[in-house]
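Here the chain labels run A, B, C, D, E and F in written order, and each chain numbers its own residues starting at 1.
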Amino acid sequence: MPDNYFARYLPLLIHFLFAGALAGVIVLLSWFVGYRRPTRAKLSPYECGMIPVGDARERFSVKFYLVAMLFILFDIEAVFLYPWAVILRDLKIFGFLEMMVYIGIVLVGLFYIWKKGALDWGKPAARRGGI
Amino acid sequence: MPLAPAVTDLQQLKTHPAIAKLLAWNSSAVLAAKFDREEMTIYIERSWLREACVLLRDDTDCPFNFLSDVTCVDWFPSEPRFEVVYQLLSIPKKERVRLKVRLEGSAPAIDTVTSVWPAANYFEREVFDLFGIRFTGHPYMRRLLMPEDWEGHPLRKDYPVEGYR
Amino acid sequence: MVPLSYYLILSGVLFACGVVGFLIKRNIITIFISIELMLNGVNLSFVAFAAQWHALSGQVFVFFVMVVAAAEAAVGLAIIIALYRTRDTLNVDRVNLLKL
Amino acid sequence: MLHLTLFLIFGAICVAGAVNLLVQRHPINSALSLVVVMGSLAGEYLLLGAEFVAAIQVIIYAGAIMVLFVFVIMLLNAGEEERAGGSRVALLLGVPGMTIGSLLMAWVLLERSGTQSVMMGALPGPPKIIGWLLFHDFLLPFEVTSVLVLIAIMGAVVLASHPEPSQPRKKVD
Amino acid sequence: MLSIETFVVVSVIKIVIALFVLLTAVAYTVWLERKVVGHIQNRWGPTRVGPFGLLQPLADGIKFIFKEDLTPPHVYKPLYIAAPMIALICALTSIAVIPIGNWVTIGGVHTPLQITDLNIGLLIILGITSLGVYGVALAGWSSNSKYSLLGGLRASAQMVSYEVSLGLSLIGVLIVAGSFSLRDIVDGQGGHFWGFIPKWNIFYGGQFVAFFIYLISAYAETNRVPFDLPEAESELVAGYHTEYSAMKFAMFFMAEYANMITVACVASLLFLGGWHGPVFGPPILQAILPVFWFVLRVFGFLFVYIWVRGTLPRFRYDQLMAFGWKFLLPLAIANLVITALVVAWRA
Amino acid sequence: MAHLTTMPELEPGQDRTMILNMGPQHPSTHGVLRVILEIDGENVVRIMPDIGYLHTGIEKTCEAKFYQQVVPLTDRIDYLCPLTNNLCYVLAVEKLLGLEIPPKAQWMRVMLNELTRINSHLVWLGTHAMDIGALTVFLYCFREREDILRLFEAVSGQRMMTSYFRIGGLALEPPLGFFEQTGKFADRFPAKVDEYENLLTGNPIWMMRTKGVAKLAAEDAIALGASGPTLRGSGVDFDLRRDMPYSGYENFKFRVPVAQDGDVFSRYMCRVRELRESIGIVQQALQGMPEGPIKADAPRVVLPDREKMKTQMEALIYHFKIITEGFAVPEGEVYQAVESPRGEMGYYVVSDGTAKPYRVHMRAACLANMQTLPKMCEGRLLADVIAAIGSIDIVLGEIDR
């Protein structure tokens, strides 16, 4: 393997391009080979054989947002943990303690959300004035 | 097993708990009764139906707490044309009784019993759908089985075989 | 060999695009997206300078910028949701009343 | 040569994405353009040797923050934006101003510092060293970010919760 | 030391082989699933096309290509077409950093059995997987149908939720191994302790709990039973790909199975000792055996996947989310804290 | 029903709610049930079943047939328990006629009825488990169902639309070896029920999905007309076989499983335990099967044997008359209810003294049971609707008729 640092990433790039090309070829192939005989029923959105009532793009529960937001915050935590994990042996117990402070504070956030009920999907939200 | 003849004399049937109860409450509500093939049928005055049902349901000795069925028979062309039939069941006493209400052929309508037994909801809608009998006070009096825009009521005896065109 | 200035120009272009988006866009979500674009432009110059001066601190800053961006996105989008719930619009021109 | 080519390719994708972000009128297109920008920026970071930063750029920015944006767009059913109404002034003054400013900056940069170049992978940023910096030299800011994250969680939850049902809900236009 | 040209050529050859093998593996994982589930359920599974139905995947592929490729008018077309491509590209790309064996020398070229060995290999996989959410979310949104949208939202919320636990479960392994490079992590698992137990992370590093968390999160990440809610056909018909047909539909399937394989590979590398196993015999066998051990582990993992599918019912959505956030996440954090404490104490 | 595009009760709410159509073309509405849901995220705000997609007008058709010609029609009503329908109808007509049925026919009827109940419960268990995501149980259940269908085929020549019960008795003598075959099935079946229960009853995911889900209080169940396991799952101990016996059920010993919680799990447990009770009844019937004729002694009503018909003039005349002009039934009306796998199945037959029924009405247990859906599902999750629909075990053929 060449010494060059970036050369290690070159195959990744090539692989990505190959995968993209493959996906494109599949879509195009299906487009050219597959036949098309559309009918009205085929083209209507699936609604169990009924004419759809109302718009599909209605608003959804805000809980989905909260989940995505929680995800971001824990993802950041995880990303901080990665470099910490690989050098923990060098950081020794001090590194352990500093990360415990960090995790502790983030866990307070989790606990807060837990208590606020954002993790309870079972209860109807809109009527209670909760989340 | 030869069939026993039907008993239709109200005086003879007085001892039946449901009839006794109804007669004690309002003798004009019970028009007639029939005991045939071990089944009791009571003909109720149309305007007293709901009260009679409440009475039978809340009876302490033999509460007819379960509405098995509501249906209708069309005696076209005789009058009164329709008989709406209620099958009641007493779960604690394991007893059945049949209530019948006779209705005239033109614009038949009767009080709903959905407030007595919510179970009547679909049964009454079905009767409305297939016989065209209106249940006044029903929360959602619409066709149940036939399409919304269907013409006529198919289980009526004068309904043409191929439907109305 | 790419001169540092190339990176800085790219970074500047991205930042400028962000500013333009911030100014011309009316949808509040797109405005937020433009802000993220600006942050990305800044990040690029951080990394480029880090490479230039052989100081990895620049890369660490990118970390912190990302955390800030994430926190900003979380809170900002929550504000957008709250706003949308009361005003039923995402157009910033319509959100001109301080009070309902 | 490879370095410059890759820089130009990634840079072109970046700029194209950024411009597309401005041109598109549906927010989801803008958001996805930004994802493209971020992806190619990760490529640029790799060129600069910042491999760890490149990875977290993808994980956090493209994989988390933009997912949140897409979610919100999906949730709010945000449609196409209306044509700009009020801020013609910004458009007329701001855009040319920005362009001129950028050109000026580019010229200065090219003239004054064009001699210094960045080697490909000049300063690899392996995660270990980054981690060492993060947990030694920048320990305080690192710990402070946790507080920031905590406050963000609380703020977002409070903001996104439904108002109490007792409060009357009014509609504006 | 290879010249850059040879390096590129070797890489391209490896990529082509890898993609071919991956897609074949995808096809035969489907076959395996149908066979195994079939036998669990008292059926035969595919038997008609070829011996033991071995040509069934091929027949399915051809059928998918010739199916009617419908693009309904109510969809948002660019994203509708892009979504399956995103899903598939993300699923196919993450295989690039996965090593399947030691270095080999073929025709004078000394090269690892891996497309590329990166310092941050594990992070690359995580990054690419996190992009996979877009495929699902956009498929649901762009289809513009209620079932799709519900399925898409469910799927993406589920994927991001379990991604957290998945990411955190790996940290224990990282602490033990001290590197992001998958090759280094595997190398660290060679040998035995107490004389006979292999030094795999699942035994040695005390990462059994982490493996458990990883297993469950992986099922959720790949939308498999008992977490297959996004496409829970009993509620949402087909979830986010309700409006898809022909090859575009197949692409979601390929992506799902490719993801399963990736997840199985990562599990083998991180927890099950990668390609370590008894190696003996002539050089050619010594080169092949590690690959064989690795593939064996991967298939073992896939078999458990299928077995679970034949056995368990499906969670309800609230239970799934509560399980992820209230049980798995605290468990993952506890695991990493304990692992870190032990490692830091010893250091 | 069909073609309803708007539901006045179910207009999209102002706030975050969405109208979702589930069915008629949906994998888990058990046929062609359409459920209109108003959902808020994953929560069901309101639910409204919409039926009629399988309406075939059987009640009307019956009015144009001779009494004996109606029997095959009844198979088609609830196609998962055709023999129960047969039984209910023939019992009603026999009551109108005042016929006495010989004991062997009665015992055969009971035995086949219980096999039908097992058959129906197996289909229910399989599809219900599949709705909740356990695919394998479905195929296991169908394996045993296949055995039962073979028994039906042996006895009647038909797997599903058996029409085996006739007014006045049975159509045919059961074939040689039939009882041994049935006995073998009855012996091995309890172990199979254990197998299903192993996969489901103790499974934590299954319990999470079913316990406390879609609750129905006893008083609500009674008020809404629920019957069968839906009623007994809510703690009401009522079974027509025991409490108002018909067709000789009083000769059999069996327990009526009752569960108190009124949730999906209770209904599941009721039915699974019914499987075991039913196989017990089958075994009792096999052991005590009386000898004797299988048809009532009523030459005007019951078709004569083939042999008699070919050898005796009188029998041939009766045969000819029954086939061509049917038999007159005395005036009157009868409501006969039996305990079908789904609850109280009732046939209301009105006779005007001719050879054709004046009116036949079927009381569909599912129609009433389905009315409990809103009570069970409102305020709960989308996935619970599926569990609830599965747990009341609806057959659209019976609901729509």
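Here is the rule we go by: a residue touches a chain if its C-beta (ideal position, glycine included) is under 8 Å from a C-beta of that chain, and two chains touch if they have at least 3 such contacts.
The shown structure was predicted, so the numbers you read here are calculated from the model rather than taken from an experiment.
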Contact network partition after chain F is left out of the picture: A, C, D, E | B
item: Contact distance in steps, from chain B to chain E; value: 2
item: Distance-to-centre winner among chains (Cα means, whole assembly as reference); value: A
item: Distance-maximising chain from chain E - centres being C-alpha averages; value: B
item: Relative to chain D, chain with the most remote C-alpha centre; value: B
item: Chain centre separation (chain C, chain E; CA means) in Å; value: 33
item: Rounded Å distance, chain B centre to chain D centre (Cα mean); value: 73
item: Whole-Å gap separating chain A and chain E, where each centre is the average of the chain's CA atoms; value: 16
item: Gap in Å, rounded to a whole number, between the CA centres of chain D and chain C; value: 5
item: Two or more partner chains touched - positions in chain A; value: 4, 9, 47-48, 52, 57-65, 68-73, 75-76, 80, 82, 86-87, 90-91, 95, 99, 121-122, 125-126
item: Residues of chain C whose C-beta touches two or more other chains; value: 63, 66-67, 70, 73-74, 77-78, 81
item: Chain D residues counted as touching two or more neighbouring chains; value: 3, 47, 49, 51-52, 56, 59-60, 63-65, 67-68, 71-72, 74-76, 120, 127, 130, 134, 145, 149, 152-153, 156-157, 160, 162-163
item: Parts of chain C lying in touch with chain A, wherever the complex brings them together; value: 63, 66-67, 70, 73-74, 77-78, 81
item: Residue ranges of chain D touching chain A (in the complex, touch as defined); value: 2-3, 6, 43, 46-47, 49, 51-52, 56, 59-60, 63-65, 67-68, 71-72, 74-77, 120-121, 124, 127-128, 130-132, 134-135, 139, 142-143, 145-147, 149-150, 152-154, 156-157, 160-166
item: Residue ranges of chain B touching chain F (in the complex, touch as defined); value: 1-3, 6, 36-37, 39, 41, 65-69, 71, 73-74, 85, 87, 89, 91, 94, 96, 98, 117-123, 126, 130, 140, 143-149, 154-155
item: Interfacial residue positions of chain D with respect to chain C in the complex; value: 3-4, 7, 11, 14-15, 18-19, 21-22, 27, 30-31, 34, 37-38, 41, 44-45, 47-50, 52-53, 56-57, 60-61, 64-66, 68-69, 72-73, 75-76, 78, 81-87, 90-91, 94-95, 98-99, 101-102, 105-106, 109-110, 113-120, 122-123, 125, 129-130, 133-134, 137-138, 141, 145, 148-149, 151-153, 155-160, 162-163, 169-173
item: Chain D partner contacts - residues on chain A that touch it in the complex; value: 4-6, 9, 13, 57-62, 64-66, 68-73, 75-77, 79-80, 82-84, 86-87, 90-91, 95, 98-99, 101-102, 105-106, 108-109, 112-113, 116, 118, 125-131
